[in-house]
Amino acid sequence: MFDKVLVANRGEIAVRVLRACRELGVASVAVYSEPEATALHARYADEAYCIGGGPAVESYLSSEKIIATAKRAGADAIHPGYGFLSEQAEFAAACAAAGITFIGPRPESLRQLGDKVEARRIAEAAGVLTVPGTTGAVGFDEAPAAAAEIGYPILIKAAAGGGGKGIRLVTEAATLEPALHLAKGEAEASFGDGGVYLERYLDPVRHIEVQILADRQGNVIHLGERECSIQRRSQKLVEESPSPAVDAGLRERLGAAAISIARQAGYENAGTVEFLLDSTGSFYFIEANARLQVEHPVTELVSGIDLVQAQLRIASGEPLGLSQADVRLTGWAIECRITAEDALKGFMPSLGQISLVSEPAGPGVRVDSSLFDGLEILPYYDSLIAKAIVWGRDRGEALSRMRRALAEYEIAGIKTTLPFHRELFVNPDFLAGDIETRFLERKFLPGLAEGADGNAALLVATLLSHERQRGGWGGAQAAAGEQRSGWRLAARLGRSTRGGPWRNTP
Amino acid sequence: MAKYTLRLGDRTVEAELEETPDGNLRVNIDGVWQLVRLRRLGDTPRYVLVLDDRVIEVLAEAGPQGFNIQIGGRPYEIETGRGRPRRRGEELEQLVDGEWTLRAPLTGIVAEVMVAEGDAVEKDSVLLIIEAMKMLNELRSAVAGTVSALNVKEGERAEIGASLLRVAALSAEPEQPA
Amino acid sequence: MFDKVLVANRGEIAVRVLRACRELGVASVAVYSEPEATALHARYADEAYCIGGGPAVESYLSSEKIIATAKRAGADAIHPGYGFLSEQAEFAAACAAAGITFIGPRPESLRQLGDKVEARRIAEAAGVLTVPGTTGAVGFDEAPAAAAEIGYPILIKAAAGGGGKGIRLVTEAATLEPALHLAKGEAEASFGDGGVYLERYLDPVRHIEVQILADRQGNVIHLGERECSIQRRSQKLVEESPSPAVDAGLRERLGAAAISIARQAGYENAGTVEFLLDSTGSFYFIEANARLQVEHPVTELVSGIDLVQAQLRIASGEPLGLSQADVRLTGWAIECRITAEDALKGFMPSLGQISLVSEPAGPGVRVDSSLFDGLEILPYYDSLIAKAIVWGRDRGEALSRMRRALAEYEIAGIKTTLPFHRELFVNPDFLAGDIETRFLERKFLPGLAEGADGNAALLVATLLSHERQRGGWGGAQAAAGEQRSGWRLAARLGRSTRGGPWRNTP
Amino acid sequence: MAKYTLRLGDRTVEAELEETPDGNLRVNIDGVWQLVRLRRLGDTPRYVLVLDDRVIEVLAEAGPQGFNIQIGGRPYEIETGRGRPRRRGEELEQLVDGEWTLRAPLTGIVAEVMVAEGDAVEKDSVLLIIEAMKMLNELRSAVAGTVSALNVKEGERAEIGASLLRVAALSAEPEQPA
């Protein structure tokens, strides 16, 4: 095992990896950007170094600064988390050149699987069906013809992508060019690479992915599937394992396909193979994610295997120590991604200071987050701020646990997607498992019924008005936040009662 | 006895509050008097409203026009000012001297500026793109007219509410947003 | 299933039961004492009623008030939690008389098992060995002769007892009377019944208990054992499941013994049968706890069964729906009881306001608590304030998770047993599983090594002194708590730097 | 430049603090100057100390003699007064005019009073029993002497630090507690 690991990430995933380091007794090093000096991941690590400005290109995407920090701190390995540098072959190669172990696949695997076109070739060589699409990245010139050949509707996807970033659905030729423009921009912003490719848009389908673990000794196992069909604009919002649509036989076929792709790619470490599953039970390879996934906890809860610890063990050369027959999947797990977006206002990003956070706990509930009272949500980074994950003996128990956990989750100071999740978990189609990737836009109309506690809110406002009048502003009984951030709240209140020219680009 | 005017959505309420002989408070809303106790927990925005048969947890923060209240995960924005109820969106949508101002609806980085001063713009045409949390967000014009002022450059950070640009309108009133 | 359940308890266990109600979709009613109007359990329930003053006899022990409240609210069942009224046969009978289901065993079972002497007779009838002791409660007059006959050392135990309350070890005849005095006083305070009995004190032994579930249809299963040997003055501090000392064969024998006692008693609902296990593998029945245990979560984590939900299902007449063969115990779970006692000052009770609490989370960690910022710890109730529980694939993983969870757990404003637990989880004997009921006093010397962060603390104090001088007291930059509770902190600081005539009675 | 005298356990430190030309703060403890930043998080007692190679979370609350600090779960009680360092336990143990005062070491309910005014007591004999959290706690005499005042009755609540009773001592000095 390593002596000291640098975690080249931030937010909840940096904390997740640091927790694994601490459990393994491995010393840890955090890096942080200037505005994140008080972040939980910086406090959690044994050492922490500021590596640059807020924008990720100045800090979390700076491979030079991160490797220099690892050398300064004497770290013998780097865990990249997800996003940022996690799938950059050049970074993995630079780590190796600096004598530092990159905790992930070999650079060659990253290069092959990171090129989504090459990845499809590997899948085909492994005997797995793929979705029809372009054989390489396309520019503005070639795109119209390529799209016509594949046939609309098509998807534009970032060649270097993942996580739903840089993906756009185009239903007709007329909207291809503007969509290409935005997709390339997002791909550039997210991955530092604006290359995109086109793919047939299958519909209706479920997004099903298989978690694999592969060691250096050539052992490859799978840990079952994850159902990730609850998506908004190709961003996953809810994931579960197992999938309501997968039985034991299909699970075996999916697992075998994922393992054969991993073997074909000479893959090492934890990875995910993504498929589209149609209603006939046929599945098509779409891409392989050569890193830890956001949604890895649902697999951890049903398999009992700590995937981050497994990553560290594999990267340090240890064999897996368990065969496919040792894998026992038990019960049902579900994850909700909580993001700093106002679910009641078109998922508009919501920045500001978290004045209070109180997270769910108790039986069957796990929270992976990096939230704390006083945290400032910054514009530079992904909007994911926390994950609520539950386990139950069956899907029904897991669903009721999640409903309970969502009711317990309290965040004040910013708007989040919690109201969306609370509504989703009472939707009959969702509860029945009757979902596909466009479920949200087709069957689920978010919108908040009027709250039943209006009278209680008016009572509270009366008492607070009275206290304010008697005690003056800022007294011990004044409403929280009056002194500290009145102006900022003012701005936000102003915003939240307006309509306007604003909308999220499709 | 004290009186307070409160607005929640479309509902306007005159609340009366008085101290009972034994030192407690009671509140009259819509003709119903109720004994109430409210306690703040520590230095947090969390309050507890104690009623006869229920104890309700409340997150409450002050705003310029009143209080921002959450109960059971639902927001209740209550205005406590004494003036006439504002029409929603009024301040930000209205024309001032025939000019419409585009304000940043969120804090972010100006990723792209599509127009220059003097450019003619249609209603609903894209003026700027702001990047926040890796998402590109288009800001569109609420009016047709001419760009009369441009206050930001690409790469700059725009704070929520900041004036980004102004458009001299062709017509006197913008249409209501959808 | 019930429509509405009243939870006749407070603190973490009331919240635990309310969570189960919410997951089952059952409406819930809380009761609270006057100083607990802002308590989490009162806020968590759908309805909440104040039933009397702070002392438990005026509120949580008032069977009349609780039954009247259940009637007023229209509750069709009462869950008693643990402690308070949970094992009082008269209360269970009064519920039945009022047409309300008591969620627990039948009153006759409570009466039989609550009388520890009668319980031993049942165990003997079931063919299980018992520890030698008096055949009934003893008074000051009979005690010396009875103790002499059994042979010192002896234990004095509350006849109505449980939870380590009212238990005293007496090693010689000279100290019998004062110990009897204190034990009877505590028994009276805890259970409203000062009756005590005497038992041979076996040494060294492990405290091993077996969780059982029994339905009205006569199905009885066990969910494996819990190891509860980490005790201080007969109060359990740490529990785990399985026990490092129990193999599959012994587990089967223990389980069979527990089931046969439950059958002999005609037992229904969740219960625990406690044994002492000596180094030869022989075990002796000590008592049966006819209620939910504090440490039930470790069994939940290894069995996957929600014991509180199971209690509600059984009480509503549903059959268990699983046989012994369906029970699959997986991995290892450990619980630490966090109490409001100053572990560094002889476990002296620590009252006051919690100014900040931040609980551990992430993989494999569960917290059952009712803590929140601003909570006032009151003198009227048990000192247990929270439970940290972890699950791991094996004992090693569980231990490292608990070490990590304990490091994450932050409580400011009062003193707790967290420092004790942090030290225990680096003790080699404990880590090796080499424990018995007197391990703490024999092998573990609590005491805190000097902290390594003295310099950092001095830097902080310098900066805070500077801020205070510049900004005056109470400014935004002043240290937390200066205005609000300076006087109270003053008192506590004064105390925590003193020695004195104080000591906890043995 | 400002100077502060701090005491942590047996250690007394003269800390110097000054602003650097670029507006940051540096602190000198034991001859070592260090650039430091301290930030409070929200309205909580949680602070973050940012050093060059480490970010340290600190829980800090004010006390009458300084600050009560927790780092990594360990307590550091720092006195910031300017007077001579106090001997531990001094205030509570000393005799005043030959009388020793028993103060409540915790808040609880007086469960039993074993003595009456005028009773002779031995050193270490039990005077009172206080019940808190269902545990009975014996309070013993630090001196031999006569009970000169009894301020509580059974069933009463005693606040921490409250004077419960006084004993007129036979000897002039109590022994040091163990």
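Order as written gives the chain letters A, B, C and D; numbering starts at 1 within each chain.
By our rule, a contact is a pair of C-beta atoms (placed from the backbone, for glycine too) under 8 Å apart; a residue touches a chain by one contact, two chains touch by 3 or more.
Quick caveat, the model's predicted, so the values are computed rather than measured.
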item	value
Contact-graph distance - origin chain B, target chain D	1
Centroid comparison with chain A (C-alpha atoms), farthest chain	D
Distance between the centres, which are taken as Cα means, of chain C and chain B, whole angstrom	48
Cα-centroid distance, chain C relative to chain D, in whole angstrom	30
Sites on chain B at which at least two other chains make contact	40, 43-44, 46, 56
Shared-contact residues (touching 2 or more other chains) in chain C	355, 358, 372-373, 407, 480, 484
Topology of the chain contact graph, where touching chains are joined (line, ring, star, complete, other)	complete
Residue ranges of chain B touching chain D (in the complex, touch as defined)	43-44
Chain B - residues contacting chain A, complex	2, 4, 6, 8-9, 11, 13, 15, 17, 25, 27, 29, 34, 36, 38, 40, 43-47, 49, 51, 56, 58-78, 80, 86, 88-89, 91-93, 102, 105-109, 111-112, 124, 129, 131-142, 157, 160-161, 176-178
In the complex, chain B residues that touch chain C	37, 39-44, 46, 48, 50, 53-57
Chain B-facing residues of chain A, complex	55, 165, 182, 185-186, 189-190, 339-341, 344, 348-351, 355-356, 358, 373, 379-383, 406-407, 409-410, 412-413, 418-419, 422, 448, 450-466, 468-469, 477-482, 486, 489-505
For the chain A and chain D complex, residues of the former touching the latter	30, 32, 37-38, 42-43, 45-49, 73, 353-355, 372-375, 480, 484
